[in-house]
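A, B, C, D and E label the chains in the order they appear, each numbered from 1.
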């Protein structure tokens, strides 16, 4: 039960900050940081406990029951969870510290800490879930935190819009997720992981009639359907194509958030979920293939967009999209270990990159356009060097953690048949692109002439220790995680899955190809942005269509606006006016008006002429007599 | 020749009422003008005595005067109701007549004589007696309607009522003459015997029946014989309108039912469908036209037509072919209950119109009720009660009345009739609520604030309180009334 | 013979009745009504209702009609349109009503109750004395009601038409 | 050898309808009242004929009362007409229609 | 059954009326204090119901029966079971809050206002606890009048129209209910209007079909189901805050409660037969309501249309006729009461400041009213159905139930969840986070303790039910199981594939089909090898 404290401590911090935030104000971190720190220590404890192959299962309470559905909440810690726990608590802890400096003096200081504490709690609960419902609950909860934190600077219109967009797009994914959960219950009669996992194989043949309602017959494998529906959720949360659009916009949030939520932890929940539900996915090759392809496409598309972005955070954001694609692809190809391994190393170096960006942004007074930066490397040495390490890891440069994980990933992909090999080649290509854009970022931001607004140019200096210390720690982790034997540790959680072992020539070949691609990418960036800065413009003019497409994110947002957002609003407005008011309500009022109209008509009978009245009586008598005569 | 004492005892209430009425005519000239209220109180006291007498002797069927008069539970029920509403009318009139500057003690005399006519109607066992009762009632009402004879509208209402009343009684009388031809007598029992003997579809009786239905249809204001109602109700002094709408209608229904069931009970198939048609027409027309009225008195007149339609449901049930005796009796008792309940709420509503004054006139326009709730909370609340009850919304007596009627209808297999009735109950809610709306939700204009006032005499307060009590008590605890009507039911 | 007498009376009655409705001048109408009353009285005599015949003349012709004439003279109304707009419809309806009654009678058969052989019937019909007896025994109650009706009519007429009863207040 | 009662009924029916039509068509209030008298007389003819036919007195008694009522109605009716005349200077039915709709 | 004979329910029902009497006696300024005291007392008195309630039995508890009318036998009979208990508590909880929210906003005729409110409480409680159908109807209709007055007197500019529309629409709906009650009485033929007796009687299928639609007319208008919903936006918009709260939280539950209490147990055959129609309308309501909410610029109207959408879930859950669906529906009723009630309270609070309900006038409140913004966000997110909050629980169980019934229905209903997120968040984006409306800036001030005290208990419930719904669910189990079993029995009796039958049932099956089968899942491995 001790481990229940891992999520509960941040929750406690959240409650204290939520209720007493206005009192604590600038001292809010005094509550939040120790809480996360303690969580981290407990996570280490938990990690060491499961390292030996044990699995912790801590039942909490019965959430509710209805009919034959009973839901018990509990914590489940295996190796996968333990690794995630460490990732979350470490990054969260560092971000907490970083925030002290980053958010210093902001009016929403306490609110910010409260929200990240809540996020930490939710994320921890998410990874420790032992059933689908709990997973979903906290899946949404982290989305909520993301929403709140993206909208932290709600005074900015873009922030508000981005927050809403993030939530709604995620909801689209969660729609599938929810249906998937319902289907799990329909098939297995329970939502607890363990019984579902153990029964998954035996349900492989179960089918479901999709057109049953309409009398048709379209039998679909239930397992495939479950996996695909759940994957829709993952697509939303992990910003896979086509639901990736929210993530770059989410950069409107304060940078620590981008690091914590939109790089290291929350967005990886989708990957985590696929890995966690590996026993289900393993049953359905179709679903696996879909996962892999979507991952691959995301990987490539994200990278192509990142090439041309000018907003420093957006570049990193699209690189996140791309990297998430890598992970998803790996999972889809059965390389869960490699995928999660990359998830962990990516957590470290991407958090590092974001925090580095934050440091830069702080230095240049919240300027995010890298065309107005440049020449920062001397003024901000710590930031610069840690950023370089992060970029190298991202580019998969040898000896960094990113190198090992990406290598493992590509290798496991190569081993997964024809589809895997195709995707692996794409992965190698993408690695080149990755290296290019990450170093484009480095060169443009830190090298060359300073293009900073002269007003602020004089104030640019290195950030205080609370900011730089996390950078250094993350830089260390960005390298160290490559040497800690993480894959072997994770292997215990995926007994059936193939390890990312080295297989002689193939392995070496892939390693070399990936490294080569990285080096070429870095070199290209060097040539284009340091040696001959006019070169990009030429390319731009030459490949105008491609450039524009990339710059405008392949117009996905615009397409969505056209296809979904605008029609929804228009349809709503039109339906309200044309259907609800004009037809339905009018019909209702029409009935009333009809009665009144008949009233007006009938009233005219009452002429006031006495003899008309007598006539009416006579008519009555005539009618009665007629009736007698006829019947 | 000797009149048996028993006969006199049987008609003791009638004797009391008539005596007091004559006394009023005599005492009026010699009473100082400031003591004339005493005469009204005397009338009320007489009614109270009658109430005790009738209530005390209520029970078995007693015939008197060579079986021309019958006093049974049915008759007693109506008489009790009539005493109450007449008493309330008189109490209401005490203040009202002064406001209208027509306070003659003769007024009470006419009310009492009219009441006598009604009492005779409901306990007549011979068409002759019933006819004379109708005439006594009607002639008194002609006079009462024109009581405000310096006002054109009052006298016009009186004239219309008279012409049409005389016309309808001509029709009724001709019908009676044909019945006499068919049965050789005008006694209800002998008519029933003749009907039994002649069977259904006898031409002579059918023609007679047509005219009888027209005659009574006129009295109860059933469509298409209703057309006098709005004009007469609107023009007559309000307390008279209340009396007509309540007492005359109740008595007419009482007599109508007795004639149809005791006289023509053997040929139900010949008339129940007819009454059904009349009933539906009445429901529809009364409610529809009431929607568009802006004069409250006239609206209440149409509403009283509509309520006649509801009451007719009871008659339809009682006459519906194929119903057992028990079901038929339920129809009668539900109609009795309905009219009793109707009396309270309608009297209450008209009383409110009577006491609301604008300048020197009656505040009978819808606008005069504007913002009443601001100035006279209690009055507005009572009006709210009456309106809600008229609309048939629980927990008021109006709901109980409708509930029993619809119970009876469904019991007789006339579910659809209940549905029609309820649909128009919903329609009626519209115009009743409009009064509530203007009272509670509209702001009065400044000049209205100055002009309108409540002429609330103590006696009118008593009337309102009684009516409200009836509406509320019979709504919450209707059992006494229900059991009374059940035991007094006709067949 | 009796039939011819009846037909005479009937013809005059119908003619006079029609004239009442058709004539323009109310006085002529009243006079033709008078003619009709007399003939109705005659008819009563043929039916051995001598008492009623007498009353018919005394009350109807003597009192009621005089009252009418009196009012007609008093009000002295000017000449005007006789019929209103619904005249045609009304006439049509009247005809329809009659036709329907006849049709009904024809189609369903038509019987009047058979003579009552009871003790009342045994008495000589039309005997004024027996009418008096019945009125004060069997029909005592209605008789009293009739008195009330007359009372009401009397006082009512005064109330309605006398000037200055209420205006004085 | 008496006249069949049906003859009387036809006669009374005719008179009744004439009276009824008279009420419906004439504008003059007094003539309307006269027409009502026609209707009542038609009734009386019926009663007397039936009474004679049955050989009982009930019909005649009824006529007696009907007559009384007719007299009473005439008294009240004429009073109303006079009152009306005071307001409208007319006894034309068309002229009083303050109350309508 | 452990009421110990103490008339708890009568006390709960009658206390507000005593309060009305008391208000008549005190002076106008004290009226609200009396109302607050009485309604709080009612809440306290209703708490023992929760504590003493026996969860193990589907029978009515705290039953009191007294003869009201002897012929036909109509009783004053009250009692609660697991279906009505939550609603009773919801009502008693919300009424004091309604008094509080009217504390300063109702300036004119405060006495009448409080009287209306308390009469309303009696009527609503009466509806939920009545065990006699006539008594039920009496309360059901009585409620109209105070509500009419609440909207019509203290409402917005177009209040009269809204009040009359509300009154007539709901009255017209319940016309057929009365007839149906009477018809039931005669067909049951036991001289009883007792709901339990009538529920146990059997009615011929053709009659059930008629009665079903008669009930439906009454209940669907109250719910309100599409397309009978148009009174709701008008009524909500024009009503004073307290009126909106009562309307949304309690009144809308009447219809759904009616379905549960009458349609399902009394007319099982017809319910089976027509369930697809109702489900269709429910799904339309969910999506349509959400769409309508998009188009609204008026906060109250937006919430009103969202109510249409949310109540769609309730009817959906009820008519999937399984335990999850029905329990989810009841939960959703309670949750909708809490959440929408709270949202209306929120709107009322800001209306008191800006005197506008337009979103453009009330934008960017987070800056000047942070506490308010927090509460608004909580309730809005609850309305979205965010897990961990109350609404999610209900919606989830409804969806589970619906999914068991028919996958397409559940899918479409789940679509409503996306839309809900979109319109609610869009609203939040403008109201809470938007650019502050300059012309209103001077009028804005954050909530006072009274207002916080109003919303805090609701916020607490939002999370309590969201995180630990078990106690609430446990209360329902016995009653709902009873209800479901009755449906199951009918399902078995029905032989042969009927076009209305929700799923093909082979006639030789004796027990209800196994769960998987019901969900339309065929498990190959389970099938016998030879057929």
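One rule holds for everything that comes next: contacts are C-beta pairs under 8 Å (C-beta built on N, C-alpha and C of every residue); 3 or more make two chains touch, one makes a residue touch a chain.
Everything numeric in this text was worked out from a predicted model, so none of it was measured.
Novice: Give the chains in contact with both chain B and chain D, ordered by label.
Specialist: Looking at chain D and chain B together, the chains touching each of them are A, C.
Novice: Using the contact definition stated above, find the chains touching both chain A and chain E.
Specialist: Touches both chain A and chain E: B.
Novice: Using C-alpha centres only, name the chain that sits farthest from chain C.
Specialist: That would be chain A.
Novice: Please indicate the chain closest to the centre of the assembly, with centres calculated from CA atoms only.
Specialist: Central chain: E.
Novice: Find the geometric centre of each of chain C and chain E from their Cα atoms only, then give the gap between the two centres in Å, rounded to an integer.
Specialist: Using C-alpha averages as centres, the distance is 71 Å.
Novice: Report, in whole Å, the distance between the mean C-alpha point of chain D and the mean C-alpha point of chain E.
Specialist: Using C-alpha averages as centres, the distance is 66 Å.
Novice: Quick one: report the Å distance separating chain B from chain E, using the average Cα coordinate of each chain.
Specialist: Here chain B and chain E have centroids separated by 44 Å.
Novice: Between chain A and chain B, what is the separation of their C-alpha centroids in Å?
Specialist: 77
Novice: Taking each residue of chain C in turn, which ones touch at least two of the other chains?
Specialist: 84, 86, 90, 93-94, 97, 101, 104, 107, 110, 112-113, 116, 138-139, 142, 146, 149, 152-153, 156, 159-160
Novice: Would you please write down the residue numbers of chain E that are in contact with two or more other chains?
Specialist: Where chain E meets two or more other chains at a single residue, that happens at 168.
Novice: Note the residues in chain A that touch 2 or more other chains, in rising order.
Specialist: Answer for chain A, listing residues that touch two or more other chains: 592, 603, 606, 608-612, 614-615, 618-619, 621, 625, 628.
Novice: Give every touching pair of chains, nothing left out.
Specialist: A-B, A-C, A-D, A-E, B-C, B-D, B-E, C-D
Novice: Quick one: in the complex, what on chain D touches chain C?
Specialist: By the definition above, chain D touches chain C via 1-3, 5-9, 11, 13-15, 17-22, 24-28, 30-31, 33-35, 37-38, 41, 44-45, 48-58, 60-61, 63-65, 67-76, 78-83, 85, 90-94.
Novice: In their complex, what parts of chain C are in touch with chain A?
Specialist: 84, 86, 89-90, 93-94, 96-97, 100-101, 103-104, 107
Novice: Of all residues in chain C, which touch chain B in the complex?
Specialist: The contact residues of chain C facing chain B are 101, 104-105, 107-114, 116, 136-142, 145-146, 148-149, 151-153, 155-156, 159-160, 165-167, 169.
Novice: Report the residues of chain E in contact with chain A in the complex, numbered from low to high.
Specialist: So the residues of chain E touching chain A come out as 165, 168-169, 227, 229-231, 288, 291-296, 322-324, 327-328, 366-367, 370, 377, 381, 386-388, 392-393, 396-397, 399-401, 403-404, 406-411, 414-415, 417-418, 421-422, 425-426, 428-429, 432-435, 467-470, 473-474, 477, 484, 515-516, 519-525.
Novice: Where on chain D is chain A touching in the complex?
Specialist: Of all residues in chain D, those touching chain A are 20, 23-25, 32, 93-94, 96-101.
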